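Consider the two complexes below, in which subunit A is the common component and subunit B and subunit C are the respective partners.
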Partner chain A sequence: MFAEIFIDPWVDMFAAPDFLMQVLWEGLVSGILYALIALGFVLIYRSSRIFNFAQGIMVVFAALTLVGLHAMGVPAWVSVALTLGVMFVLAVTIERVVLRPLVGQPDIILFMATIGITLFLIGLGETIFGGENKVMITGDLGIPTGDTVLEPFGGLLILQHLDITVVIVATLLVIALLAFLNYTQMGRAIRALGDDHQAALSVGISLQTIWVLVWFIAGIIALVTGIAWGARAGVSFALEVIAYKALPVLMLGGLESITGAIVGGLMIGVLEKLFEIYWGQPLLGGNTETWFAFVLALIVLLFRPQGLFGERIIERV
Partner chain B sequence: MKRYRKMALTAALGAVIGTGAMAQELYTPNMAYRTGPFAATGIPLMNGQADYMTLLNERDGGIGGVKVDFEECETGYSTEKGVECYEKTKGKAIVTQPWSTGITLQVLPKANVDEIPILASGYGFSPMADGKVFQWAFNVPAGYWDGADMIIQYLEEQGSLDGKKIAFLHLDHPFGKEPLPVLEMHAEDKGFELVPIPVGLKEMQNQSAQWLQIRRERPDYVIMWGWGAMNAGAITEAVKTKFPMENMIGVWWAGHDADLKLVGEDGKGYKSISWSFPNPDAPVMQELREKVIDAGLSQTNPEEAEGVFYGRGLVMSMILAEAIKNAQENFDTAEISPEQLRWGLENIDLTEERIAELGMEGMVPPFSTSCANHTGHSGGWMLEWDGEKFVKASDLLKANVDGYRDLIDSSAADYAEANAPWPVNEDCAAE
Partner chain C sequence: MLYRTAGQFKTSYTADQALFPVRQDAVLLGIVLLLVWVVFPLTASEFAFQTLLIPILIYALAAMGLNILTGFAGQLSLGTGAFMGVGAYACYKMVTIFPELNPIVAILLSGIFSAGIGVAFGIPSLRIKGFYLAIATLAAQFFLVWLFEKWAWLYNYNASGAIQVPNLDMFGLYVSGPQAESVTEYYIVLAIVTLLTVVCINLTRGNLGRTWKATRDMDIAAELIGINLMKSKLTAFAVSSYVVGVAGALYVFMWKGAAEPNVFDIPLSFQVLFIAIIGGLGSIMGNYLGAILIVGLPVVLGTAADTRIFEMSALAGLLWLAGILAVAFLFWVARNLWGVAAALGFGAAMLLYGYAQTQGFRADSALVEHINTMIVGALIIFFLIIEPHGLNQLWRLIREKLIIWPFPH
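Moving on, here comes the complex of A and B:
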């Protein structure tokens, strides 16, 4: 048993380095997508202390809107623009109808409100678009779908062009987001709200505007995530489940840390894949990805309750 | 006081009229899942089921002159909601259609007490084939163990399985694990290595780890026991990892046109065992188009109506309708009880002639049931994706039920013992 746990996996890695590279690549692709979803949660949490349960269904809703508009004959990139418009209207509606009347309420009330938004969007989405699996308009958007086959160490490494595109687009989106948050007035306002609500309000930062903005950014992230996941396995309500993969990322990285979401997402993506392939499948019968990330997050929380990059809150009693 | 008396009278009258109205229908609730992660596969099936009953209501005024109330209770494929639906509908239902192996396992002991037949067409607990033990449960026309056996038979026809490796990619759920006993039995008998690869519910859309394992294991074949979003996830990963599609075979729930349309030409050669086949030229389809679809009484669309799953939904309702008709004729009453329907389900004799009479030629193999045989073991065809649609790739395959009869008997006996006291149909045992 000692050898199976501590020696064999490493031997396997060195024996087939091309396969190890494939595992790491697949982990990186998953990780960057986890990080994207987690970013949606973090942005909203930072600015409003709301844990947005609706992030998953926003992914589905955005992807369905895009595919649905295209099915009505709207050109692909016009559909993207219109979908962004729909996500903006959704952000404004959520702020006006759900969040504004609940300002000052306990966090749990706001969290419950996002569950309500989830249920509403499920119903609305199913009524408008139906529950059938739909094909993502990958080709019409000009997203490449072929692959590049490399032979490192005389082995085989398959890089899907779709995955390469996803990694590049997601990285650019994260960079753009970081630049927006750090170098623009609006971005700094979002961060100010996250750092100190009262102080931010006292210097004239508009809570309503910021809330609309972060929900809209979460909508943009949802659309990109929806396109990426939808291109892999179709667009259906099953996509909602993907969002739950972001929970351990948030636990690991810290709920209010953008860096934490990115690092946590990548860490979980790569580590869960390595564990599944080299330990989970040979020793535990596989399917360890359903729990590995949570156990990893739990171990981190034992030593750092605020997560790897979360803020340590010290309260006077 | 006068006003209250009037109200009471109105209520009583309403109750009488209501009861009368309820009595004039055959209540056959369906625990549908048109929402949630499995909706994509559920919708065409539910549409087919509902449309066939609508056709009977529109064309024949129901069955035996009594309208069918084919009410749906939405479960979202959740076992808890399924049990709630069962409890909600059992009062006036003559049958319960649980629509998931998980829900079937939960309602199995309940239906035994409530004495309501469970109709789980092509799913559920495979030992339900033993009608002596599971007197209220039916999984006509074929069970999962039949499906596993037929797939192994088909693979054996391609060449000996001795020394071969077969990966078993399955949903990590009671449904996905159901065929394991028969596959393990065959692995031992035929000398192939079986590699079970589970897919968690949260991993259905992202199966890269499972397909990395398949790449490492280099299996000769992949048998897939998938449902809902898992099928699309697996098929796209198979294409991505360049696994030869002709060596991948799915259960009948993994043979959905929409899943294969995601990969189109790249999915060419993928196979699925199936006890149903769509036949757009069948007379029943013509009637459905005229009286149900074009009349705006259906939720389906023309493309879906030509697919495998819609056709299977029609077959499922046809089987139920045949059982109802049997019971009505045998007991000489139009409004049958659940117990009478059980008799009807135990006396299905679907011959080639009867299938043709129903206008469903080529859509389902002939089969018959009995008191002891609650599955029918119809057999099935191997379907193959030709890049655009599924086509028949084999003659009718029949499961070799005698090969795992002992397994059925012992599993049924184990279940009865674990759930003792479990009433057994002694009349049936005498058969």
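Moving on, here comes the complex of A and C:
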């Protein structure tokens, strides 16, 4: 038993390094997508202290809108632009209808309201586009679909072009986002609001504008994630489960930290794949990916209650 | 006027701290008890038992368990579904290992197992707080559901992987399983729910409840005034998980009849959390109001889509109208014009829909279900906006206004 848990997995890893690399690569790709969703969460959490549960469903909604518009005969890139428009309208509506009347309520009430938004969007998406599975318009958007086969260590490593594109686009998006947050006036306003609401308001930053802005950015991120994940797994409401995956990513990285979201996402993506392949399937009957991330985050939190990069929690009476 | 308190004098501290300091409250509760214990069982149809009465009670019980943890002790939990599952599986193992065990005893004992698991997953709460704590309960949620699926001993190595409730009898009367009658199941659920509600009301009013509330309001301050945080938080997890576990056992044994592991997945947790929050965190009665709304509303909307409103019997139509007008009136008494508008708007929409049906309009059932989801989501947001503290607070406001009605002050 000891050997099975502590020795055999490592032996397996070194016996087939090409397979290990394949596992790591796939973990990395899903990790990047987790990180993207978590980024959407972090932006909204920082600027409004709202734990936005609806991020996952925004991914589905964006992907559905895109596919639905294209099915109505709109050209692919035009439907991307239109979907962005829809996400903007959504951001404005959420800010106006849901958030503004709830300013200053306890965190859990706002959290609940985002679950209400989730249900509403599920219903709306199903009403307009139907509940069945759809195929992402990968070809029309010009996303490459082939694969490259490498042969490291005399083995076999298959890199899907789609995955490579996802990694590149996600990285570019993160860089663009960081540049936006650090070097533009709007970005600085978002960060200021994250640091201190009162102070930000007193120097003339508009809460409402920033909230619309962060929800819109979260919508853009949702669209990119939706395209990437939809191309890998089809567009359906089952995509919503990846939203749950973003929660441990956030907790692990720390709720306020953008670095944390990225590092946490990559860590969880890679580690859960490794655990599933080398420990989960041989020893535990598989499918451990449903809970591994949560248990990992829980263990890390026991040592660092604010997550790896979160703001230190200071409590005063 | 209806709630006139004039002439009800309190001459001792005991009278002042009584459960029902106002006589009308006690009378109202008496009427409700009469309804649920006598009138409903005598008049309800099979459909009403299975879609309204039994599930509302069970969901209310689960929400009460969650409310003790989240509303009274301030520890956010997103793992209610899994703890319900622990209760259900524990009960299933007990009745299959000891077939002669009294089913009610088995149901009450099954809560002890979920209490144990709840305490185990509650230990991190001593160090992790707020939303970060949600991760501990989410870990429980996903890990336990996975365990229900993979640990074949739990479901007696069934090929289906589901637990199937056997016929259980008590003194010659089937109380659970395919042969049990709905009325029997209803009375058992009602008895257990009533018992646990009384226990919970008194726990939350007593010493333990006060330590929970102090922990909720600010745990460091509570520690400073001498409350043992570990004891306070872990007892909250234990009591809460016990109640939730019993609700889970009832859910499978008295209502569903069979359950696969994914029944206990996260949507169930969220549904219970909705009930607790819409009902009002930190209240007992709110859980019932929340359950009536969240469980009852989709059923009402669904039946309204199936049956033609304009072809209902005159009595049913009048009840509909009276219900909507009563809700609008209560909102009006509470000076909540949004509420009045929403109630009347809802009534008008139903009438319009009924009229469209007489003109030959038929919505297909999938569409109705999707629109139902939308309406439920919108209603959650709506209720949070008009009263973030839940239906319980809304009732409290209405009651306060009723005392002075028809005068404004």
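One rule holds for everything that comes next: the second predicted complex is superposed on the first by the 317 of 317 C-alpha atoms of A that agree within 3 Å, B and C clash if a C-alpha of one lies under 4 Å from a C-alpha of the other, contacts with A are read in each partner's own complex, and residues count from 1 in each chain.
Everything that follows uses one rule, which is that a contact is a pair of C-beta atoms (placed from the backbone, for glycine too) under 8 Å apart; a residue touches a chain by one contact, two chains touch by 3 or more.
Please read these numbers as outputs of a predicted model, since none were measured by experiment.
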Checklist entry - Overlaying the two complexes on subunit A, which is it for subunit B and subunit C: clash or fit? => result clash
Item to check | Contacts of A:A81 with subunit B and subunit C, given as first, second, both or neither | outcome: neither
Checklist entry - For A:I122, is the partner it touches subunit B (first), subunit C (second), both, or none of the two (neither)? => result both
Next on the checklist: Looking at A:L150, would you say it contacts subunit B, subunit C, both, or neither? Reply first, second, both or neither.
Outcome noted: neither
Next on the checklist: Quick check for you: in the superposed arrangement, does A:V135 touch first (subunit B), second (subunit C), both or neither?
Outcome noted: first
Checklist entry - Of the partners subunit B and subunit C, which touch A:M112 in the superposed model: first, second, both, neither? => result second
Next on the checklist: Looking only at contacts as defined up top, I'd like to know whether subunit B or subunit C touches more of subunit A.
Outcome noted: C
Next on the checklist: Touch test for A:A238: subunit B only (first), subunit C only (second), both, or neither?
Outcome noted: first
Checklist entry - Which listed stretch of subunit B (92-100, 110-118 or 380-388) steric-clashes with subunit C in the superposition? => result 110-118
Next on the checklist: Using the superposition on chain A as set up above, list the residues of subunit A that contact both subunit B and subunit C.
Outcome noted: 122, 126, 131, 244, 285, 287, 290
Next on the checklist: Considering only the defined contacts, which subunit B positions touch subunit A in the complex?
Outcome noted: 34-40, 42-44, 172, 196-206, 208-210, 212-213, 215-216, 228-229, 232-233, 236, 240-242, 258-259, 261-262, 304
Item to check | subunit C-facing residues of subunit A, complex | outcome: 51, 97-98, 101-102, 105-109, 111-113, 115-124, 126-127, 131, 244, 247-248, 251, 255, 284-285, 287-288, 290-291, 294-295, 297-298, 301-302, 305-307, 313, 315-317
Item to check | Touching residues on subunit A, where the partner in the complex is subunit B | outcome: 16, 19, 22-23, 26, 29-30, 122, 126, 130-133, 135, 147, 158, 160, 229, 232-234, 236-242, 244-245, 272-273, 276-277, 281, 285-287, 289-290
Checklist entry - Given the complex with subunit A, which residues does subunit C contribute to the contact? => result 70, 76, 124, 127-132, 134-136, 138-139, 141-143, 145-146, 149-150, 218, 220-221, 224, 266, 270, 273-274, 277, 281, 366-367, 370-381, 384-385, 388
